[in-house]
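Here chain A shows up in two complexes: once beside chain B, once beside chain C.
What follows is the complex of A and B.
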């Protein structure tokens, strides 16, 4: 058998699972630039990123969980809980740095509880995180029923800082978790993550510490929810126990559009980030097009459904045949030898 | 170096997979493990490699008692096993698969260069060329099994257990595996080798241990035994006369069956795992038993005919029919009873009558009288309103059989239906099947239990048994030829002209 030539960077991109999300994002961006009333310039890009960063944080965490064959619908609730927690702590007089550490540790512990339930007690991840999402959301409501204002401007000042007048410092909220992922991916644990996602029992019989991997990914997703909470606290300059309510499911859609297989073991977090940015562009398109408010959500969801199917078809060969077979498009010819 | 398994027992649902099995392996001695379906070979390997926890028993390594509670723990003790079910991951590359358990690192990171070098070294030993970055799923199945073997030998082991990888390998691949085993033998490693090919066992191994129904029967040096003696230990019968005319009689029976009224004729039915195909004719009122070692393609036949895999063209009552999915095949008059009641049979939270009516009323839209069916099959029940799970396994299976025979099928496809059923219920099921066959219903009856096929098909005019070996029909047995010994012999590939 002849050795396989390594693919050129361009070719390996077009073959990657992340490619459809990147295409979708650019098509949507072009649409916004040319067909809507939005002024597509640097300040547009900045405000776009500013409001998008918290969700992208969640997408990175969710992406890793989905990659290992799990799912986490409690991320939004962890974000809400951490958000009101840090505002209450700082308003109560705790130094900002200490409050950040306490909040991040709380998020990691919240994720670790998910990981323990899924990995050790072996409860279905959907069930586990649904239950914990109610608990974490409940804790947020115990801390405060109503939105609260953050009395110190330190966080939002930092959030709006720009390096050399154009590079927003808040990108660091994405860069840190993404860098952690990039590092993990290049260690043996990275390969083990994919192995567990693809086939848990094969991974186990290969001597991989499956429980450890699971606890780790849920801790990581908890951490990203904490980072997301820090970003959103800075962004809105306050706390709201209902802030993260709908974010978990949006994050999951972004992950799927990003080419990460819900069955696990396939995809890369980079795709999820582009999937998330595409979703934001989509909302922008609909708003700028001036669609009637009552139709906005319906239209958005319809487009979302189409893009999810499209991106799965484009990024996953196995799923593609399954879907095409399902709608009767492909019928395997029976060849007689 | 020696490994001792002492009085290992393992129960699966009341059935002994291992019964007080004791085994001593010593370094430098290549041991073969031989036994029929369900004799406990794989379970024994799984116990020693940490995949299965025994209910009872102890393991000693060099005289020291050890606990092996996970594959990881086994690896720490330098015990490595290849798995029949393959532990490789199709999406990962060859290199990642081979080095998965202990990837070379530089500092924190995976050392890709070293990984490739290590992999290349393993691939060279396996004669596999340079496919380090190819996803394993893109390779043909025989190469996957070689990779599974490569993954084992990549590790630094003292004890290597090889569970049936050679059955999927080509002859030249087996030679490679054989040479590698010889090298390790010289190094004084402990090697346990499971295979169904007698010729391989004789050429690779030094000693052989025979297992039957979870028990260790005998351990002898291969130089002091022969095929017949080993077969006798496997079957547990002393008067062993193996029919050597199997091939001739097979041709006769094919000619005979052509004369009769053909109900089903299928050509080129694909057996995926071996990339082979099978032609099969079934006459009206005929019972076709299907025997063979597990995974040699038996259940592929019934699953394909019932539309559970790819679309299939068949000829039914002389008309060409395309089977797309189970709904389609039900309408064509096919029925499917599986031994895996949990998964493919019973609707657990529903009562008896609902379980009987489901196909007839929901798929075929006809009225049914569930009580009649229950009476006809003499199911033991209190009220038809009771949940199906409250019945014993045998009675549950009768209810499911009742569901299907009530639709008056032309052909009943049975996939190991007597699995996990007690002896009495089995014989009752057989009576029912004979009655149905006399009434003109044909059936294809897959079973992993040779005794079951012998009881069902031996000395019956309208029955025959086909034996599959590596995805091909190795033999067809009829009448008095249907004996346990002949079935086992043929399922080891001995009826095959090529062997």
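What follows is the complex of A and C.
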């Protein structure tokens, strides 16, 4: 018997759940580059990333929660809360570094409360995070009811810094959480995450600390929401208690397009990031095509519907083979020499 | 389920047990509300609370139907559906009863079409309900944008407005209509074949399929019913408010989820009761009304609302232990 050969990098990519999102993103980018009035160059890419980073942060957190079979619709509210908190703190005279630390700790605690309710008290994650999203949104409104302006430009100066004239430094907002994920994935905790997502009670039976894992992922997603808040504060130079309202649902769409199964246990965060960038590219297409304002939303959501259906079907192996058989493609049996 | 059918006394106790928290909450809130704001239990206030909560009760029927049908069922598009019919239906003439009936049918039909869209993709393309209904709600608001160009029609017929007239204080016509619908729906759910089929499918999808139930059709039907009821609610909310605005019913989507949760429906499907959902709706509207009576800051109100919701969930919908 021959030992099982590991797949080549190319082959393992095309077989991965993230592949559809990556394809979609590149198709959309090519479309923007060739069929619209947008000038597709380095500055376009930079401004694209600048405005997209906060949402990508949320997608990383959301993706991890969804991997373990949960869902978090309070991330947008945590982002709003942290956003107005840090602006008020800095405007109140706190040193920027201290304000950042306080804000990040607050968002981790907010995520931890979610994790506690889901893991220890055992309430459905959707209901828990719905209730907590009302609470966190309320706290944001208590801090300030109207949009406020950040007086010191420290944060936005950092956000616009570029290394060697072309590499934006703000990419670390994504790279840090993503690197943490990549490290976690190689440790036993990574395996445990997938196991909990696949089947909670078997994971428990095999001695995995299910409750600990759950609390950890919600804390992590709270942290990413905090990082996203930091990014968005630097981007818009101010705070708004309603800033993140619609962001958690967009993040969930991005996660699904990225091939992470809402049932849990399947997918990789990289796919979610590409799913998010695809969504943003889609809005760009609609804007640059110059579609009538009244038709914009309908067109965008119809494309979104098609892509979600495609990515869900394509990332499901059984469905994929069924469709391939339907169009007459039969994979040749592997030679057994 | 089987055990419940074998021991009738236990079954009625189980029903009461789920109903009791909401009933107690309703009375506690009434007494508490009157202590905080004298005049809280005046006829006028009660009748307005009942009317608003009957709108939410209708939404809780639609939400409950898909949640009972299981497969992680949830419908986040009902608010958008109701907003759509609220904008489209007033275009129709509604001067006599027959024209009103046609408008009601149109509302049901529009809702059913959106429900079919949901149900088809959820049951045949296996898109998770959460994401599918989310997208549908944007599709609907996009369609509204195209159809109305952002300008809702102005004229509302007096006949439609009369649903908010008093019948016997504190009951208004709208409340009566909704009470009748809730009771009929509850009887359909518990006493008839389609209702039981719905519960069985929600309880155990695979077992239902093996025993010969067309599970996919049931799933699609549950979304169609949910959409149709939401469409009806859109027509009634126009009569209640006396005018139409864009997205006037969107806030009811997540409130309906809260209402059925207070009513003891678990999101895992297979169980739930429309009457309990309606009681949950009353609790929520009453709570809102008290918080408004406090003249409290909006943010503070949200914090208390969310906190109370969490506390209710701790008592009502805790999951089972991992160690069995």
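By definition in this document, the second predicted complex is superposed on the first by the 314 of 337 C-alpha atoms of A that agree within 3 Å, B and C clash if a C-alpha of one lies under 4 Å from a C-alpha of the other, contacts with A are read in each partner's own complex, and residues count from 1 in each chain.
By our rule, a contact is a pair of C-beta atoms (placed from the backbone, for glycine too) under 8 Å apart; a residue touches a chain by one contact, two chains touch by 3 or more.
Note that the coordinates shown come from a computational prediction; the quantities given were computed from them, not determined experimentally.
Contact with chain C, but none with chain B, is seen for A:141 once the two complexes are overlaid on the shared chain.
Applying the stated contact rule after C-alpha superposition, one finds that A:183 touches chain B and leaves chain C untouched. When the shared chain is aligned, chain C comes close enough to touch A:123, but chain B does not.
Of the two partner chains, neither chain B nor chain C is touched by A:324.
Within the superposed three-chain model, A:204 lies in touch with chain B and with chain C [touch as defined at top].
Put chain B and chain C next to each other and count what each touches on chain A; the higher total goes to C.
In the superposed model, A:266 makes contact with chain B only, not with chain C.
Once the two complexes are laid over each other on the shared chain, residue contacts for A:195 go to chain B alone; chain C is not touched.
Shared-chain residue A:105: touches no atom of chain B or chain C. In the superposed model, A:308 lies in contact with chain C only, and not with chain B.
Comparing which residues of chain A touch chain B with which touch chain C, the overlap comprises 204. Across the complex, chain A is touched by residues 72, 74, 121, 125-128, 130-132, 134-135, 138-139, 141-143, 145-146, 149-150, 254, 257-258, 261, 266-268, 297-307, 309-310, 313-314, 317-324 of chain C. Residues 1-4, 6, 183, 186-188, 190-192, 194-195, 198-199, 202-209, 265-266, 331-332, 334, 336-337 of chain A touch chain B in their complex. For chain A in complex with chain C, the residues that touch the partner chain are 71, 117, 121-124, 126-128, 130-135, 137-143, 145, 200-201, 204, 210-211, 241, 249, 252-253, 256, 262-263, 294-302, 304-305, 308-309, 312-313, 316, 319.
Looking at the complex, you find that chain B touches chain A at residues 49, 51, 70-72, 74-75, 83, 86-92, 96, 100-101, 103, 105, 108-110, 128-131, 133-134, 151, 267-268, 277, 310-313.
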